[in-house]
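Each of the next two complexes has chain A plus one other chain: chain B in the first, chain C in the second.
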Partner chain A sequence: MGDHNQPFLPVSGDPECAPVLGDDVVVDGALHRPQPGSTKSKLLLAVFSGIFVVCLILAGGYDKSGVVKVAQLGGVDELGVGPIEMPAGSTIVRPAVSRGKSAGVSEKANFSPEQLLGGGEVIGDGLTEDFPWNNSMLSWQRTAFHFQPEKNWMNDPNGPLFYKGWYHFFYQYNPNAAVWGDIVWGHAVSRDMIHWLHLPLAMVADQWYDVQGVWTGSATILPDGKVMMLYTGSTNESVQVQNLAYPANHDDPLLLDWVKHPGNPVLVPPPGIHHKDFRDPTTAWKTSEGKWRITIGSKVNKTGIALIYDTEDFINFELKEGFLHGVPGTGMWECVDFYPVAVAGGNGLDTSVNGAGVRHVVKASLDDDRHDYYAIGTYDEEAGKWYPDNPAIDVGIGIRYDYGIFYASKTFFDQSKQRRVLWGWIGEWDSEAADVRKGWASLQGMPRTVVLDTKTGSNLLQWPVVESESLRLRSKEFKNVVAKPGAVVPIKLEAATQLDIVAEFELDKEAVERAVESDEEFKCSSSKGAAHRGALGPFGLLVLSEETLSEQTPVYFYVVKGKNATLRTYFCADQSRSSLANDVNKQIYGSYVPVLTGEKFAVRMLVDHSIIESFAQGGRSVITSRVYPTKAIYGAARLFLFNNGTEAGVTASLKVWQMNSAFIRPFPNL
Partner chain B sequence: MTTPKLANLTAAFISISIFLFLSSSPADGATATSLITGTCKQTPDFNLCVSTLTADPRGPKAAGVQTLALIIIDAVKAKATTAYADIKRLLKTAPELEGPLKSCAQQYNVILTAEIPEAEEAVSGGVAKFGEDGMRGSASDADLCEDGFVKVKSPLTVENKVVSGLAAVGAAVIRQLE
Partner chain C sequence: MIRSTIFLLLLLTLYPISCIEATASIPNILGNNLIDQTCKKTPYYDLCIQTLVSCPESFHTDLEGLAKITVGAIAHKASAALRRIETILAKKEHSKPAVREALNACASRYRAVVEQDVPETLMSLRTGNYKFASRGTNDAATEAMSCEEDFAAGESPLSDLNVAVHDVSVVAAAIVQAVIES
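So, the complex of A and B:
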């Protein structure tokens, strides 16, 4: 019932939102109008310019570009435009989704918890000196139980599959640096999607059709068990093409060696599609004609689209007319994914399943804002089209898999446990310089199962794979801990950097009833984070926090009582005080989350050094955060319960497990 | 000085000026093309963007934004290379600044060996967002170098500002490729 997730709102930097810049531009009160000029004043200007030029020549200071400089003498240049300031909201240098230095305040003073949470006075004028990262702080950032290579850069997950008893994971990898580049396919295997063992590189850039990059692709397992891998290659002329590869030896459970089809590429950009807008082929699914069908993301002008191809042999393809789907204004669709989910929930479905009792999900990674969006709808097999159930929250303008850092995600059907599993690339939110210094960048999210939320019918539920529970060591339970308005309650633990937390919260019923209806239009990103006090929130946990709260990462709920006493709940993470360093992300982000009648506010959190994954309401809304504290590390990290609402007390019950390392390492004796 | 000569001189000045005025108007493609001005308007420093692009022979002939992006990246590389050489020189001539200079050497090393190659490869390959990362990273690193001089005056202010400003322009140009 009621509304669901916030539709996607345009993000800063999106050209769609920037005002059209013409020659006369007034930008948000910053006046930069050209002076209206009469011919006479232009002539006068020309005369003075001429004299100035002659002087320059005589002074020997004239250079080629002097013409343009000279014309700007009066503060107005020849082209009729003065210096341009970017409109507020399209901050190019430090946009909302950038990495690197933020515009956060230097939090060097020591505040009392009440001051911090109560939105106390801000001290400091911004960036002062560099934060002196030391090796201890940097090496703490490596995770214990999230997939990452031993060093260097990783991005998109590729071709995940389960084969002959092993889960296989491939990934975009730079063997030479901790920044993107020289991309090849890394490879690892695991019995349980947790304890990964690194294998040699699966594919390198050794053919003309992938010499500029062995990019993202997907696996299809044929009925006879054979594996077909379609992937994008960037050719010697930087054209994006699709290539076929398959295991050199189908009897090798480790799938160590791969053969590239001699007739590659199997697909080149079709007419009307730019050669740099054609990448990331999906897993194939069967059509009713018995053919295989794949989709590849692209764009036409600013409309993101998913192209459809049919094939019988993965070598010869037929481009189907029209697109599977497209959404205007969303820009390039990367890493498109397409899969069925059961209306009744429960198990996952093989990609080829269709029919009654099934909905289909279309997902795209939007290049423009680096977020992953999905929508649920109907697949018309014959027409080769998909229609969203709710066009207002169509692909790219509606629901995101994750409201933190999570991109280029891809699902696969795990036939051994009949579940659909989602992988997602978790990038870094620190500076590239720090990445180079620490020698690595990026993680993969904890793999998540994906099912339809049967209670709402209009969103998915994501949850860490059940094998994550095998990492749980000792647990501690805290029942009915009360946090009055303004309270910060320590949760005493032996350690607080590798945790699995399951928590439930209840607001004081009387206070909720008493609370006045508010017409507040709340958004995590425009709020003051945990310092944004309302009657019924924020309340939640302070993760990776330091004893005096000089560093803290609140993950919390914020409840607004609106018209007719309906409650709207928001789930946010606040990084504004997550670190004393000034070159890390300091944003506040999250989303609306449906909380149904009778449900408590519930969250599960995986804390693993510099990554926090937070799942609200059974996975209805998920937030992944990358956090880089300088003090709240190793034994100094703490967990607190907090309630910064003004009227309602909160009662919380939590169970917290210490999490073991997954001992991710090279495959022994290879 | 005779009156006719002065009149001729003035006429000459006016002629030269008018010629220069006309030759730098947007209708003439010899300097700032409409592609350059349109692209540069969407960057934080229009003048720096235009002057850098028009100074490069590829600029006025560029058919698309990708070429403009590569020109800016090259310009950042050139400025960063000079800055790095200056840092190395200053390490010898200004030992009292060793601390912040060593940091700067680190920062510029990252710019030259990681961030610029990343930007070049990404822009050439059509995955512009990593090019943006590389340029933003370069701007950040130049700023970090500058910020490192807390109690003393930075000998690299001009160079750091140029690298930072140019890299910010680069990121904004690359953004238009997405």
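So, the complex of A and C:
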């Protein structure tokens, strides 16, 4: 091969194929080895367009037939953003895309443009004149009180901790573009986890063992107050290794400068573990032997696992036999987290706490479906094993922290306020072209406290940190607003893009009693969203909506009366009509949520421009949404109460605060 | 399956026999389980086969390598779309304002594909942080479809390329998912 003169057959080394196979080709070298001052993608464009031979001309057309079903991503209840489903066999003039359909529902080849925009609703002529995105729409999307760098790309939260009076937050950051790549550690500090001040980069990719990425890691605070930071590096040969770093000056409360341990890496993939399945070391906790223990996610075939290592100095590690836990079929476990919660609820616990009155949580971010799952169980310290309370909802096959967009999350113990706080990466649900245009991508969720739900004992409760309330400005109360079946009731506010909403709903009792038992098997993602009418729902709020409802984002409850008159409640968000744009997420998602006897339907929502975080039943089920309206922005955004059920009226009481900006900005005078 | 086999045979007859001997014999190609099994996991089997078979490296590489080959095809077709956009825009007298506006929007979409999605995907595959490859390939499909929808019915001068980029991106995304789950 290779030496023959083959006029028609592309030979090995042909420019069309070679650049994407080799690891040592110019294109890759110029782009993907972060060097100080490296140039970016103009070179790639020149290379690709300059030297490609149109090899595929020879192949001619191809045959598409049949209906396409794209493999859907898993998860207990609902799907996140996944591959776009395409109808095959459609004519070329208008290839169709629909993001309102759910798993396993095949698309038909014949459908009208009106149906494309999801929800089956006709909006004008089904087309939009208002996009492509203009600068006004794009700049509106930036949030007022959620953490985000001034520009460019961010992903996983890293090493959060409280130190010498400051909350520290580090994060995966691309200093060069609004897309993942060239990853380094960004850094910010805050007195209250709300008003963040940007600091210089904490760590850059300047060693052979992290030159291809300074990836995710966690902080451990030693009893003497010193900080150990373990993080994953992607080496010059794409091996995932664990490295140790620590503050250059422990007296600096801002922890500006970091030193990488000269003996790095401190951990390399052990035998039997693939060199690309070994990342995201956790905060360490004390063992009864007085050693420190960490866990690192990985996989063996398709079983996701958490490896355990013990250490006394964070430099020399001993791999413990077996795994902390593993669940077949869940694939790679990223960003594993492991922490205790008090059975009695209340305060959070230091990561090393163990004993009676304590359960342990294991959490994993599943690479397979890009969702965060947790399970509650028992930690056997001596055996180095953890067992779920309920194997049917084990890690990766049970409960998710969040039924919207929320990944790579990580908790830390805030010793100043004795609480466990959860950070989560909130990505974008728009197109890369829009991200490039607006110059940034991704947010962090509002930090949440995490405690065991003492009423159910089988799930966690998440709630925005109490400091979020310091952003509240003027409020308006709406008491006992009635929404009959089919009603949409305006909630008159001075503005509707930066809100903290606390709402309670009650269904008309007689209507509930009268309602016929249904055997409906409901799932948010396979429903018609807010247009899916049942006897007892959907009802809730239309957020970031436009006056004529041309754009609306319903967040709502849907109640099914099942056998023996038991009520089952679902909590959903519906983006099928959230924007007239054609390149944003249009899915419907959510989950079942337990509503106990005597409880009203309750939700708290933080609305901050292009992010909505909705907490149902005190944080028993949480949904984060990224929304990109083209019309329901600035002064045109509205809030409505709605009830699209057919039989029961709904009475709602709400308190709505306007929220201040957090004025996130660079640390002054540095 | 039979139709696919015939298709493969027809494809191979486009090449001189000596080329086929140079790369692999016919029985080897048909028996190449990895390509066949991989393409079965994608929604466009024939396109997947055609894309991979036209690059001889695909016969000697692993699943990740197959993913990279399809990403190269995305870059190739997206670049072709950019070139056609430039050509049309250069002919100032022919386009309606709405069409020109859509072409400009498409240009920024395809630039994002070539300059952001493709490098992100390749870096992700190389370093093993695969979810970003999923993100990049899925976004390429989104950009292509959105470009087509930027035009009023019947007015798109890019339909064939939009479909081509979309479809090969969906194939690439499916192969990336196979890599993640392998």
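Note that in this section the second predicted complex is superposed on the first by the 539 of 670 C-alpha atoms of A that agree within 3 Å, B and C clash if a C-alpha of one lies under 4 Å from a C-alpha of the other, contacts with A are read in each partner's own complex, and residues count from 1 in each chain.
One rule holds in what follows: contacts are C-beta pairs under 8 Å (C-beta built on N, C-alpha and C of every residue); 3 or more make two chains touch, one makes a residue touch a chain.
All figures in this text were calculated on a predicted structure; none of them were measured in a lab.
Of the two partner chains placed around the shared chain by superposition, neither chain B nor chain C is touched by A:670. With both structures placed on the common chain, the touch criterion links A:370 to chain B and to chain C.
When the shared chain is aligned, no partner comes close enough to touch A:222: not chain B, not chain C. Comparing chain B with chain C, the partner in contact with more residues of chain A is C. Judged by the touch definition given at the top, the superposed model places A:179 against both chain B and chain C.
Within the superposed three-chain model, A:343 lies out of touch with both chain B and chain C [touch as defined at top].
Looking at the shared chain after the overlay, A:432 reaches both chain B and chain C. Residues 18, 21, 42, 45, 48-49, 54, 64, 68-71, 81, 83-84, 86, 92-94, 127, 177-181, 212-213, 234, 238, 240, 275-277, 331-332, 367-368, 370, 431-433, 436-437, 583 of chain A touch chain B in one complex and chain C in the other. Per the touch definition, chain C reaches chain A in the complex via residues 3, 7, 11, 14-16, 18-20, 22-23, 41, 43-44, 46-47, 50-51, 54-57, 61, 65, 68-69, 71-73, 75-76, 79-80, 82-83, 101-102, 105, 108-109, 111-120, 122-124, 126-132, 134-136, 138-139, 141-143, 145-146, 148-150, 152-154, 156, 159-160, 162-163, 166-167, 170, 173-174, 177, 180-181. Of all residues in chain A, those touching chain C in their complex are 1, 4, 6-12, 14, 16-21, 23, 28, 31-32, 40-42, 44-45, 48-49, 52, 54-56, 58-59, 62-64, 68-71, 81-84, 86, 88, 92-95, 97, 113, 116, 127, 131-132, 177-181, 212-213, 215, 234, 238, 240, 274-277, 279, 302, 331-332, 367-368, 370, 427, 431-433, 435-437, 582-583.
Note for the complex: chain A touches chain B at residues 13, 15, 18, 21, 25, 42-43, 45-51, 53-54, 64-65, 67-72, 77-79, 81, 83-86, 92-94, 98-101, 127-130, 177-182, 212-213, 234, 238, 240, 275-277, 331-332, 367-368, 370, 431-433, 436-437, 583.
The touching residues of chain B, counted against chain A in their complex, run 13-14, 16-18, 20-21, 23-26, 31-32, 37, 41-47, 50-51, 54-55, 103, 106-107, 110, 113-115, 117-118, 121-122, 124-130, 133-134, 136-137, 139-141, 143-144, 147-148, 150, 168, 171-172, 175-176, 178.
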